[in-house]
Amino acid sequence: MNNLHRLLIDCPDDKGLICKITNVLFQNNLNIIKNDEYVDKNTNHFFMRTEFAGDLDAKELVKQLKKDLKTDLRIELNPNRKKDIVILCTKEHHCLGDLLIRYAYDELNANILAVVSNHNVLQPLVAKFGIPFHYISHQGKSRPEHEAAVLKALEIYNPEYLVLAKYMRILNPEFVGHYNNRIINIHHSFLPAFIGANPYKQAFERGVKIIGATAHFVNNELDEGPIIAQNVIDVNHRYSAKDMSRAGKDVEKNVLARALKLVFQDRVFIHGNKTIVF
Amino acid sequence: MNNLHRLLIDCPDDKGLICKITNVLFQNNLNIIKNDEYVDKNTNHFFMRTEFAGDLDAKELVKQLKKDLKTDLRIELNPNRKKDIVILCTKEHHCLGDLLIRYAYDELNANILAVVSNHNVLQPLVAKFGIPFHYISHQGKSRPEHEAAVLKALEIYNPEYLVLAKYMRILNPEFVGHYNNRIINIHHSFLPAFIGANPYKQAFERGVKIIGATAHFVNNELDEGPIIAQNVIDVNHRYSAKDMSRAGKDVEKNVLARALKLVFQDRVFIHGNKTIVF
Amino acid sequence: MNNLHRLLIDCPDDKGLICKITNVLFQNNLNIIKNDEYVDKNTNHFFMRTEFAGDLDAKELVKQLKKDLKTDLRIELNPNRKKDIVILCTKEHHCLGDLLIRYAYDELNANILAVVSNHNVLQPLVAKFGIPFHYISHQGKSRPEHEAAVLKALEIYNPEYLVLAKYMRILNPEFVGHYNNRIINIHHSFLPAFIGANPYKQAFERGVKIIGATAHFVNNELDEGPIIAQNVIDVNHRYSAKDMSRAGKDVEKNVLARALKLVFQDRVFIHGNKTIVF
Amino acid sequence: MNNLHRLLIDCPDDKGLICKITNVLFQNNLNIIKNDEYVDKNTNHFFMRTEFAGDLDAKELVKQLKKDLKTDLRIELNPNRKKDIVILCTKEHHCLGDLLIRYAYDELNANILAVVSNHNVLQPLVAKFGIPFHYISHQGKSRPEHEAAVLKALEIYNPEYLVLAKYMRILNPEFVGHYNNRIINIHHSFLPAFIGANPYKQAFERGVKIIGATAHFVNNELDEGPIIAQNVIDVNHRYSAKDMSRAGKDVEKNVLARALKLVFQDRVFIHGNKTIVF
């Protein structure tokens, strides 16, 4: 369907919201294909994601919706448009490799504009897929200096999202502020267990029987941003910390890919420190 | 909330359905709390489950809805009403015991009116919970004779649902016809694998690495009714058929309890040989 | 098999240990049915659990094993013997109810000698199964006073294991010292996430997408003892803290039952703050 | 450890086997690192996989073991040796891509000698990794003719294992006979559910709530060979057959990679139509 659209509404709850919104669509002869709503009772906030079909005058539709709703709203009129992203990574290839393969076969709903890394070991992998690779070493640079260099490299791409595919550096609030709610990280633990460095070592030492991975938006608290997706696998006493790390890589890459798919299909709303995922 | 209601709509799809329905609620000053819709694209059929709050004249509301919708619809005006059920079982206690404990602590959204069994071994367990137990042996009876006796016992209870908690007898279409789409069975395999008798033995012989259980509505084809819920667990070569059976019991009781919770909260629509679960 | 036995060895590793042990069994004409070993490389410690069959002079066998091994070892000569346990609980019935049903049908590998609670709400449930119930209120007692009263009640039963089936009180080290490595607790989170009180509320506030439960031995650090078993389920933004708590109960009861099964079959070795589970 | 070895024994059970085997190792001053045994009670068959360290004269060790055991046995004296494999595929890239990335980073325990396909669409992907690609179209060839051409291409590589990474053609017994117990397939369903063509379509039509994938050895019955590994994911009524197929791809690639890891570490014994997996 060429005339498929996606409406995303995120506003304070009010009586009759669904009625008003669907009425505007109906009056414009637009057909709802799929509809999800949720009201957060604690904050009295309304979320709606609607897929609909039909010919429309976008400006006019937004005008009508805003008139009735008296609220801010987002409308995505070309939902199949791919998001522009840049991937940041360090030395581990498993998440990056998985994303590159998906990208090569047009399964990512995104354009990978470039890959940026503080090491150059992944350059040959990225080169195979014909994507620009920026090696920006952190050696001899302060964190702000390094981040400024990364920001500068990103400037020419103007990405909508940054994907941290095992980027093993903490980001300063200033850096994060440039991509507010648009940085997605994969953390190699079942958060909030094992926040911080070496989560597999921590998991090994604690003797857990399950390990996991967490994809989340990055905010200014380390490993504290809104969680998008998590998954786990069983381990046992026979797993060394290194075995856990190896087994965990598959979970990491799957969780990151799943989270990206959700975000790039506009299925994820951020609400405070949580996500609404339709 | 005392004035909480539940609207269940199941009809051919049409443009503007959500708009029309939510408009009736809005005009009646009713507030939508939770809303789920789904359109089956293959059959062009619409499903909606809405929780809403407010004072209402039920007859009048239904009249208004029907006028606009020109379709059949179900409305449940007292969603916290418990369903009346009778449990059928044979000799295994695990599903029955789990349901009795939940019932004793008011977690089942149902009234267990009676338990009917073709054996008497579970009578002492049922007695602990003060529920009538009907022992109707199949010995010396033809299947139709036995089923007639069971139907007669059920008559005085007039249950809305029959729960087959490991009732190890095949039911004739005539029996099923009395409780069309109102009989829920737990099958001890991950259907459609291992249909029929001795699924754990079949699973053992096939050397599978995962076993499961399936809760489904019963129709006239053995193990072929609409699936409500399924779950699985890992097994390995160390499991005998008996070990699988033992491990599977926990899956069975959990899946059955989950399916019943969904059905008794009016979250399950039957559509042909499938379910829509909100 | 009446003459089935179980040998449990837990000692510093040494070259040829398996050879020496299996040689003693072979010389005594005993047939190994099932054998599990593990060497912890970090601590150089050896663990072995062997099921074997045959007629034996237990004292003589132990003497021979000790001569060759020059180490402490445990031998269980009647592995089908049921462990004597007492259950401690507070107000929640789901774990207790599950254990009582299993016990009633001889599936627990344990004798429930009594149930002790600081509340009396679960007395009627326990009474159904004909098990002594001790109501020992903590009202008006200091923690040491209350624990002394509980210890006194336990004295007459001399249990091998205490099972904390949602016993919602912290235990002093002195109490724990009486049952060292013999207290099993179910914690309603995926430890080490959400240590302490109200884990479901914590999980809700963090916005996690998976919740879990952890069965562990109790030591002197709150929620820090060796983990025996864990399991998880998916949740989403639609779950309130209360919904999580409700959904979590099924995980809790399943994980506790699984952990007890493992412990009561002598499959769990404690090693520092971890478990080896065969 | 350079002098690490792996002993694989697969023989009829006999009293004292473990004792005899470990005694030979002990007498040769070899240290057992890891040991797994299993006796299949139905067939009275013994399986053992032992990792051990030390200097050895391989011929002499095998001679001693055979003398004592009077049985056939396999000994792998260089367990870190990579297996030589050829991958067969058709048009789908997800399993192949995953294996290529793993191979590029030396995580596969195997050398991919070549990729053979009956289509040429995956040639560019394989080319990125510098691996020979053989396009052997089945167009205009009978099945035996096509298989003969494939066999001929395989000849020069002499692979130990063939990996069917979504090779969508049925193999004749004659072809399979050339690689008896050495062909590993990934089937896109939770076998034995949905044997044969279009399993996701079958799953969609049956309305299952869980779908899965199965890695298995290939024998002469379609989808009937010994199962190595399986995994599943939840689906619901919102999944079209195509959505299931898409979601299933991640399960397929993970299960295949896990199965290959197990096989290439010599952890999988084939026993009749089942596997023993250590």
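Labels for the chains are A, B, C and D, by order of writing; each one numbers its residues from 1.
We take it that a residue touches a chain if its C-beta (ideal position, glycine included) is under 8 Å from a C-beta of that chain, and two chains touch if they have at least 3 such contacts.
These figures come from a predicted structure and were not determined experimentally.
Set against the C-alpha centre of chain A, every other chain centre is closer than that of C. Pairs A-C and B-C differ in how many C-beta pairs touch across them, and the larger number is found at A-C. Remark: chain B and chain C have CA centroids separated by 35 Å (rounded to whole angstrom). We define each chain's centre as the mean of its Cα atoms; on that basis chain A and chain C are separated by 41 Å.
Shared contact sites, meaning residues of chain B that touch two or more other chains, are absent.
Residues 38, 40-41, 190-194, 205-210, 212, 226-232, 236-238, 240, 273-277 of chain A are the ones that touch chain C when the two sit in their complex.
Chain contact summary for the complex, chain A toward chain B: residues 15-16, 18-19, 22-23, 25-26, 29, 31-35, 37, 39, 234. By the touch rule above, chain B contacts chain C in their complex via residues 93-94, 97-98, 101, 104-105, 125, 128-129, 250, 254, 257-258.
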